[in-house]
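Chain naming follows the written order as A, B and C, and within any one chain the residues start at number 1.
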Amino acid sequence: MTAATARPRAEAVSSHRELLAKRARQTRGRRRVVNYVMVSASYLSAAVVALPLILILVYLIKQGASSVGWSFFTQPPVPAGEPGGGMANAMVGTLILVAIASLVGLPIGIGAGLFLAEQRGTRTANAVRFLSDVLNGLPSIVIGIFAWQVLVRPLHHYSALAGGLALGAMMIPLVTRATEEMTRVVPTSLREAALALGYTKWRTSLSVVLRTALPGIVTGALVAVARVAGETAPLIFTAFGNQFWSFSPFKPIAALPMSIYSYAISPYDDWHRQAWAGALVLLALVFIISLAARFATRARYGLGGD
Amino acid sequence: MPATASAAIEAPRAEAPPPCVSIESLDAYFGAVRVVRDVSFVVQPKQVVAIIGPSGCGKSTLLRCINRMHETVPTARVEGEIRFEGRDIYGRGVSPAAVRRHIGMVFQRPTPFPTMSIRDNVAAGLAVLPRGERPSRRETDDIVERALRRAALWEEAKDRLSASAVALSGGQQQRLCIARALATSPTVILLDEPTASLDPISTQRVEELVYELRAEVTIIIVTHNMQQAARISDKTAFMLNGELIEFTATNTMFTAPSDPRSEAYVTGRFG
Amino acid sequence: MDSTPVGDRLYQGVTTAFALIIPALLLFIAWEVLRGAWPALRHFGFSFYATSEWDDVNGRFGAAPAVFGTVVSSILALIIATPLAVGVAIFLSEFAPRWLRQPIAFLVDLLAAIPSVVYGLWGIIVLVPFLRESVMSFIRDTLHLGGLPLFSGPAYGPSMLAAGCILAIMILPYISAVTREVLMAVPRSQREAALALGATRWEMIWDAVLPYARSGIIGGVILGLGRALGETMAVTMVIGNRHEISASLFAPGYTMASVIANEFSEATNEIHVSALMAVGFGLLVVTIIVNAIARWLVWRTARGPAGAP
């Protein structure tokens, strides 16, 4: 019995060891393969992500650049089917809408931001901050139908004012957050220095703290402007769009994103080309504003003072 | 020239001119914690008083009570009385801003306003004077020059008054803050460890400055540096754990203090 | 003595009032949208969201196709976007050489700045024909999968698939940004410990880094979901705008956001308008809930094992 059982056990040990060694080799090899595959997948996903962006930009520039011309920037649309015309009225319309939006969004946003920074930690401040984030996350189309319900329906007509106010509502949370963060960064010692000179609290907040935080707040405001300048959904039933030149806040007005939309879904090739041109202009506008915003902060904290 | 501070406040009738600052049974709290306990002393006009003591003894807090800066911290509280030229600065209807226009302060770290030029920094206190006292542009320029001269910064700054204040060195910035405090011609200037963050040369210049200023202004200086206190002050107050242990002529404090704790501190046995 | 107390109180009053405008505005929005939706909700009841009929001539409306479309397109977008977004984030935080990091990160963030309508334009003119000619015909004719319900029906181009693709591109930067942040927040010691024990790069990421970042990543995914739910213009331009529930990815459909965008201006009668507002109200409620969950998850990770905020 001993000899018979002993030999199989000796064989089992050595083959078990061999088995372990073999398993280890396989696992190591397999682990290496897995590692290679996953790491490559990671590189690949970076490429796949960069791809659509580059594709879109290239296509945009190619298609849009050919249609952008002097008339595009200076003329309103011509009747459907006829060649020529431009989106000049839409560009002006976007500027007007953004101006209305800023008139509402900036003061409220800055005021709310100052409140949040100075009342930090109180229950009211925490609630307002949370609700500001909620407001920020609302779909822009919901803001659009709200603005319609409140500003268009009772008055029975579309208006630039309604569109501008809808955009302004969207700007508020962005400007509030930027103001709060930039104001918090201002050192308490600066505030104390002003108080010690006999500045009242409100004077300190405005003339010293706000003034010091201003570059950052301007950046935040520009980011907010870039965001709302590209919005379409809140405008389609408030500002509604306009074929002609219009500067009145009480009448419907064209806007670049809306024109792009209506041209894109139209059946006319010429209008498709103009849609690309409009998209190029809009994108350029948004990018330039965003870059300007980033630049403003960098220059401020660079060498030398103002 | 803006009217001097004393003319703007009516002093109560008294036989002798009232002391500049008189502190009586002062307690100062952060929330429930009492950091200044029952402190009382008197500062005469045109004196330099130094407050010394180990870290955490409450000297800065005490100083900040004198110009009502202590209460700018949430949960901070003051009990007791502080009189400036006979008038209770914590009285009803007395605005902290008005108090601070007569009692100026210079902090430990220089705090020039980064968005303003050197000139505007110095003139910053003038911009918030009540309408009747506010100087014209011409007058402001004169005041700025005078303040910068008194702060020993004029020669270095006169050619770049419109340059940003943050371009100055640390020592220059601190002198700028002193000029800024001087511009409104306060009666009292509080200095909270003004040379703690400065190099030795700047420190010396600031000390000389303080010594010269005593002819025009009453000065109360908190300092961690005993030698500094000995050099520039007339009277010294020693604080420990929130209490005023001893308040006496500087000479006496550093040669023959009466309280054993004062003696232990000034001879360096702790601190 | 001074007008000081007045100035301070005025300042306090104004800033407080402006701050309180935010909750007031939010309530106002919810209230007004609900008010506009009320006639439809009262008429159809809450089963409005589960009924399929949409007949504006006879005044019978049911939002089920729109709800279905919203859910399907968003889930599809998440399925496509999440692996890519996490992959890019991992690439940026673990593998990218320093000089490549900034440009790629910048590029990904740029995706978020492109307006929706520009995506839509590209979608209509480039993506949809591409899907129709290359992808859909490939799947049906080359792979012969046209029999599966998932790929059945006519393939004109505008479809749930197109919507899912374009939404994926649009939400990718959000998921990626959050993931990148939580990955960077994982302490180096974790990585070094794993490597020291003999793990491969990938094993280190999978076993030592990702578990830490898991709830943050999920938070980022839900944040992306929140954005996908509300996306309007790009979707309405590529989804085909048909009230239809179909199992096929190639079929056109609707989402809650796009049905409003498409029909609101031409809505003929009161009940039609009210039905659309009811869709809007549903969208409002859903996005608020989803965003709240997302923020809670991301906030929780920021304070979690990775360390203090």
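The rule is short, and it goes like this: a contact is a pair of C-beta atoms (placed from the backbone, for glycine too) under 8 Å apart; a residue touches a chain by one contact, two chains touch by 3 or more.
Here the structure is a predicted model, which means the values were calculated and not measured.
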Report the chain closest to the protein's overall CA mean, measuring from each chain's own CA mean.
-> A
Max Cα-centre separation from subunit B goes to chain C
In whole angstrom, the CA-centroid distance of subunit A from subunit B equals 49
Taking each chain's mean CA coordinate, subunit B and subunit C are separated, in whole Å, by 59
With chain centres defined as C-alpha means, what is the inter-centre distance between subunit A and subunit C in Å?
-> 14
Note the residues in subunit A that touch 2 or more other chains, in rising order.
-> 200, 203
Multi-chain touching residues of subunit C, meaning two or more other chains, are 2, 4
Subunit B: which residues touch two or more other chains?
-> 95, 97-98
For the complex, which residues does subunit C have touching subunit A?
-> 2, 4, 7-8, 10-12, 14-23, 25-26, 28-29, 32-33, 35-36, 83-88, 90-92, 94-96, 104, 107-108, 110-111, 113-122, 124-126, 169, 172, 176, 200-203, 205-206, 226, 229-233, 237, 257, 260-261, 264-265, 276-277, 280, 283-284, 287-288, 291-292, 295
Residues of subunit A defined as touching subunit B within the complex | 187, 189-190, 192-200, 203, 207-208, 211-212, 214, 304-306
Would you mind writing out the residues of subunit A in touch with subunit C in their complex?
-> 31-32, 34-35, 38-39, 41-46, 48-50, 52-53, 55-56, 59-60, 107-108, 110-112, 114-116, 118, 124-125, 127-128, 131-135, 137-143, 145-146, 148-150, 169, 172-173, 176, 200-203, 205-206, 226, 229-233, 236-237, 240, 257, 260-261, 264-265, 272, 275-276, 279, 282-283, 286-287, 290
Touching subunit A in the complex: which residues of subunit B?
-> 67, 69, 72, 95-98, 100-101, 104-105, 107, 109, 111, 113-115, 124-125, 127-129, 163-167, 177, 180-181, 184
